[in-house]
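Working notes, structure below.
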Amino acid sequence: MIGVGVVGYGYWGPNLVRNFAETPGAYVASVSDLNTQRLELAMARYPSIQATTDVAELIRNPRVDLVAISTPVSTHFDLAMRALRAGKHVLVEKPLTRSSEDGLRLIEEADRRRLQLFVDHTFVYTGSVRKLRELVRTGELGQLYYYDSTRVNLGLFQHDVDVIWDLAVHDLAIMYYVLPMWPVAVSTTGICHVPGGMENIAYLTMFFQENMIAHVNVNWLSPVKVRRTMIGGSQKMAVYDDLEVTEKLKVYDKGITVKSNPETLYKMLVGYRTGDMWAPQLDTTEALALETRQIVKSIETGVCLATDGRTGLHVVRLLEAATQSMRHRGYITELQTEMAAA
Amino acid sequence: MIGVGVVGYGYWGPNLVRNFAETPGAYVASVSDLNTQRLELAMARYPSIQATTDVAELIRNPRVDLVAISTPVSTHFDLAMRALRAGKHVLVEKPLTRSSEDGLRLIEEADRRRLQLFVDHTFVYTGSVRKLRELVRTGELGQLYYYDSTRVNLGLFQHDVDVIWDLAVHDLAIMYYVLPMWPVAVSTTGICHVPGGMENIAYLTMFFQENMIAHVNVNWLSPVKVRRTMIGGSQKMAVYDDLEVTEKLKVYDKGITVKSNPETLYKMLVGYRTGDMWAPQLDTTEALALETRQIVKSIETGVCLATDGRTGLHVVRLLEAATQSMRHRGYITELQTEMAAA
Amino acid sequence: MIGVGVVGYGYWGPNLVRNFAETPGAYVASVSDLNTQRLELAMARYPSIQATTDVAELIRNPRVDLVAISTPVSTHFDLAMRALRAGKHVLVEKPLTRSSEDGLRLIEEADRRRLQLFVDHTFVYTGSVRKLRELVRTGELGQLYYYDSTRVNLGLFQHDVDVIWDLAVHDLAIMYYVLPMWPVAVSTTGICHVPGGMENIAYLTMFFQENMIAHVNVNWLSPVKVRRTMIGGSQKMAVYDDLEVTEKLKVYDKGITVKSNPETLYKMLVGYRTGDMWAPQLDTTEALALETRQIVKSIETGVCLATDGRTGLHVVRLLEAATQSMRHRGYITELQTEMAAA
Amino acid sequence: MIGVGVVGYGYWGPNLVRNFAETPGAYVASVSDLNTQRLELAMARYPSIQATTDVAELIRNPRVDLVAISTPVSTHFDLAMRALRAGKHVLVEKPLTRSSEDGLRLIEEADRRRLQLFVDHTFVYTGSVRKLRELVRTGELGQLYYYDSTRVNLGLFQHDVDVIWDLAVHDLAIMYYVLPMWPVAVSTTGICHVPGGMENIAYLTMFFQENMIAHVNVNWLSPVKVRRTMIGGSQKMAVYDDLEVTEKLKVYDKGITVKSNPETLYKMLVGYRTGDMWAPQLDTTEALALETRQIVKSIETGVCLATDGRTGLHVVRLLEAATQSMRHRGYITELQTEMAAA
């Protein structure tokens, strides 16, 4: 049995506790939070779990094999490093760290100690995103043309990260999982409306070596909630709307056919093809339940079957480049080429 | 009575003919098109109107006081200039011209001859956009935070202009009408999927002197049609969805309140305010019917009451800057400062 | 060439004129309306068509082979009978007549004179309803369980018929076309909110010899427009939403499986099956264009290929029974058994 | 502190336990269920609560002041009567009992013993329904014209009650709370598709002394879930869609104006009025949390502040009449006149 210690019992922590508690092969040994009220809530729900305001106590608890970190981003590196040095496997909330340098150090520390380092990219465990990957990877969509996502709502303004690190990170995690390629450059624009705060609206355009483009629109100041991603391909196009209750994923048999020998200016270059729409049935297993099971299996077998530190690092590097571009109003920023080697 | 000659009887021309035909104070004297099949269709519907494949005949027709040009963009300048030189008032389909230089020459020619030059920015005559302007200009939305628009669908790929000049032009026309300010710089990204063609997907970010941002997402390769614009302000936020049948415009009493003295890092900087949503009743007059009436009144009175050449030129200058930025993958492009003087 | 005379140029008449004018093998010879303003509108649009306030003139016009009647229901019988007696084929707006007796007399008169009598059940010529019929008739939905339709909006209150004869008639026409069976009894409830008026809300339940039920909800006093029909079968279920712009028809691979040997009270009798959803591409030909072509072909060949008087009579008989039931607050009313012999 | 015993830990029971556990002034003392697996789940979550398969043990537990019954309908009467006779207050899941006779006996028993009897009509504690009541009761909608509800989905087929007792009961509970009047007669139709089962589709029409009508459409065999209620009045109309995430309630300033002196047949009797739409902000407190608080306050003060047995009895009497009408294919069934006296 894998013992889990959950650091941080705020918004997401309770979901980690609940899911690890119900994962075969795992149990929750300890929960820590600086806020005693949150801790009391945890104790009321789970009287048998050790609850502490001292994270060091949680980390050194011998019943804890895996430390799951669900705290503000700025604390990820320090907490994860302490846990690794105490010989514990680590799961870190997204994004992995505040900087790629920190992320790389965590990966190296884990490798050195033969420990596993996971990043909690929850969305890639949803039925919708797994089906999306299948559609892309089996070639059903054909050659990819674009990935376009809108992820906006009112709030919650974060204090230690901007809207890119808070919301766009989900899209980058999904892109890393779904797409067979990765951006080589990014141009980002954004704005901050809160004095002394961080950007609350941002637009990321990502370029690829292939003739493909990705765009992500994130906004903490939208009166309506939108969670919509479109992936266009030469054969089919998919629309993934996470707010739909049932048909979250729709596949359109639509596209264009380009004629090769246009003879005159006014002759049509492009033909349009429209066919059926299809909404495949999706696995409705709770994403985090699948994720915790994969994590527990990874620890049991020593083979990583879940989103790992390197995955988290790729996403952090793109976030860094996006932030850098945004500071220069869209100036194109190349991604480091040693990326693949990470 | 104002006699109107309509050049081009393709997609939009029939709407111009129908609306001018039903506008008090106007009649349609002539229609021209290079395509004889289109011309036969016009003749079948309006047997009493002169129909010709020779635009020169239409322009020199003494019964024609106003030449309405509804042809590919690349032909706008030449046709409009010929009409002005023949002493006719001119209405040009959006965008006004292929270049700001051409647009400026048309304006100067019209001024010199005391003729009126109109640009067909149809959307600004819709009930939705007029109400949107009212909400913005009366301060009901408060200080403006952002303008964010998505205008995507499958096709129609244009041959002489890219997706910015075809679709984003609508948003720029709406922005010019609705907003009390105008961008000072633009960063645009885009991609072309048709060999030898023009960009079919583009993303424009526009910066203002004020702490405000605008973004427009245009795409000819989307499986679904979206026409949604959000305007966020410090008091209220509006969502304008042109595909809604009835409630096209929704006003949300939502926003944030920024606390001035945040004491600690983790203390909440931002409060959220949510209230009622309200969908005002909108005037359902056909936009083009209102526009043709305003144009006829403008000619009758000699006072321009419709979207004029200068308005069209502002939009063309922004389109030029956007294209230039897109050629350099988002490189920030300042708008010419003599803009206001145009 | 078949000459057509259109009686009534109000809401629907212009559509008849436009479609017959564009149907190969047909031309519009005459239009009549009591309202001279409407007539002037017709003349302005179609200067070459005879326009008259005297329907007798239209009927005796030798260039008129087919009289298309688009007038209030109470006038259908008289106008149709006059046209038949003048030797003209007749198309009557839905519902065919105010009473089944009148309908039967028209059918007999047409038969006697070897003329064709059509009823304008426009919806059965839409791509959606034709595909729905295909799904039902090929057995793709399996054994039919129910037909459930909601057809509500604000207005237009009719003066000579209640909401059943105005709105439910569409559903009965669709049911007659789509279903392989026909109701044997009906229970209808309704209410009138206008003093001296007719019922403006009604609910029809229809019973069949098979274990199937149909229900239609019609309402002139709804703040929102709804046009939604569900057909449930043992294999699949279809939802037809006529207000959707693109995917009007959705087919759900959902249903129940009934276990044959339930052993205990609390054991599950019923299993649920859910699978993909599929929105077939639909023919977007204008329904009335297809209908007028079928009517012209029917007259040319002498073989009826369109919705005929007998079809209209079945629907009228059901409307009569529904009204009778409604007068007695839902009292079950059997349909006449000689129905099939009509 | 009020001690609560929850009988039945199936679908709804866990919600009762969680909400009573978090209600100030209350605690959960005991949970009983015949299914030991369900009981183990309860014990895992709440180790300190007595868990038993023997409901008698729960009822006689001196720490239990209120017995909350969340079991199949057929068991309600017996369990509630045993609890009352043991001197406990009782909360019964909807519908109160299988028959009005049983309901009346429970009310009398509770009265005799000065105990409180509650019925769990959860929907009337939602922000949407409370706002709906306010709109109706303050006269904002004007004179009421109709109540029209659709409540359909796939499953869950119940074993001891038909779809009326399972789904329509929600609408009747809402109607009783929202409307200032109550039906005098009902006409119901329905059908059963499961051999040996109960009706799984039903349509209820309810008549009032006022010129008002109510209709409820319930269906366990719908491929899509619909939860939509419309209330039409002479001043405004409301649409309550419980599946909307945010704007669940929309109020339309729409209606008709009836002209009193129509002179001719063809003169318009009815004018149409359309204005703004408005979606009021709604209280998002969990309905059951508000309900449990009201129940606890009722017991503390001795004054019933929650939905009581008499309320439940009114609904059961209507359900009985509806079932009776359905057995006779829509035959109108009068409600007992001593209703008000219950």
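As written, the chain order gives the labels A, B, C and D, with residue 1 at the start of each chain.
Here, a contact is a pair of C-beta atoms (placed from the backbone, for glycine too) under 8 Å apart; a residue touches a chain by one contact, two chains touch by 3 or more.
Remember, it's a predicted structure, so these values are computed and weren't measured experimentally.
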Chain pair, A-C or B-C, that carries the greater number of C-beta contacts: A-C
Chain separated most widely from subunit C, comparing mean CA positions: A
Intercentroid distance (Cα basis), subunit C paired with subunit A, Å: 53
Length of the line joining the C-alpha centres of subunit B and subunit C, rounded to whole Å: 42
Set of subunit A residues in contact with two or more other chains: 224, 246, 274
Residue ranges of subunit C in contact with subunit A within the complex: 246-247, 253, 274-281
Residue ranges of subunit B touching subunit C (in the complex, touch as defined): 45, 47-48, 224-225, 243, 245-246
Of all residues in subunit C, those that touch subunit D in their complex: 72, 145-146, 148, 150, 154-157, 159-160, 185, 187, 189-191, 193-197, 201, 203, 205, 207, 211-213, 215, 217, 219, 221-224, 230, 232, 237-239, 252, 254-256, 258, 262, 265-266, 269-270, 272, 274, 325, 328-332
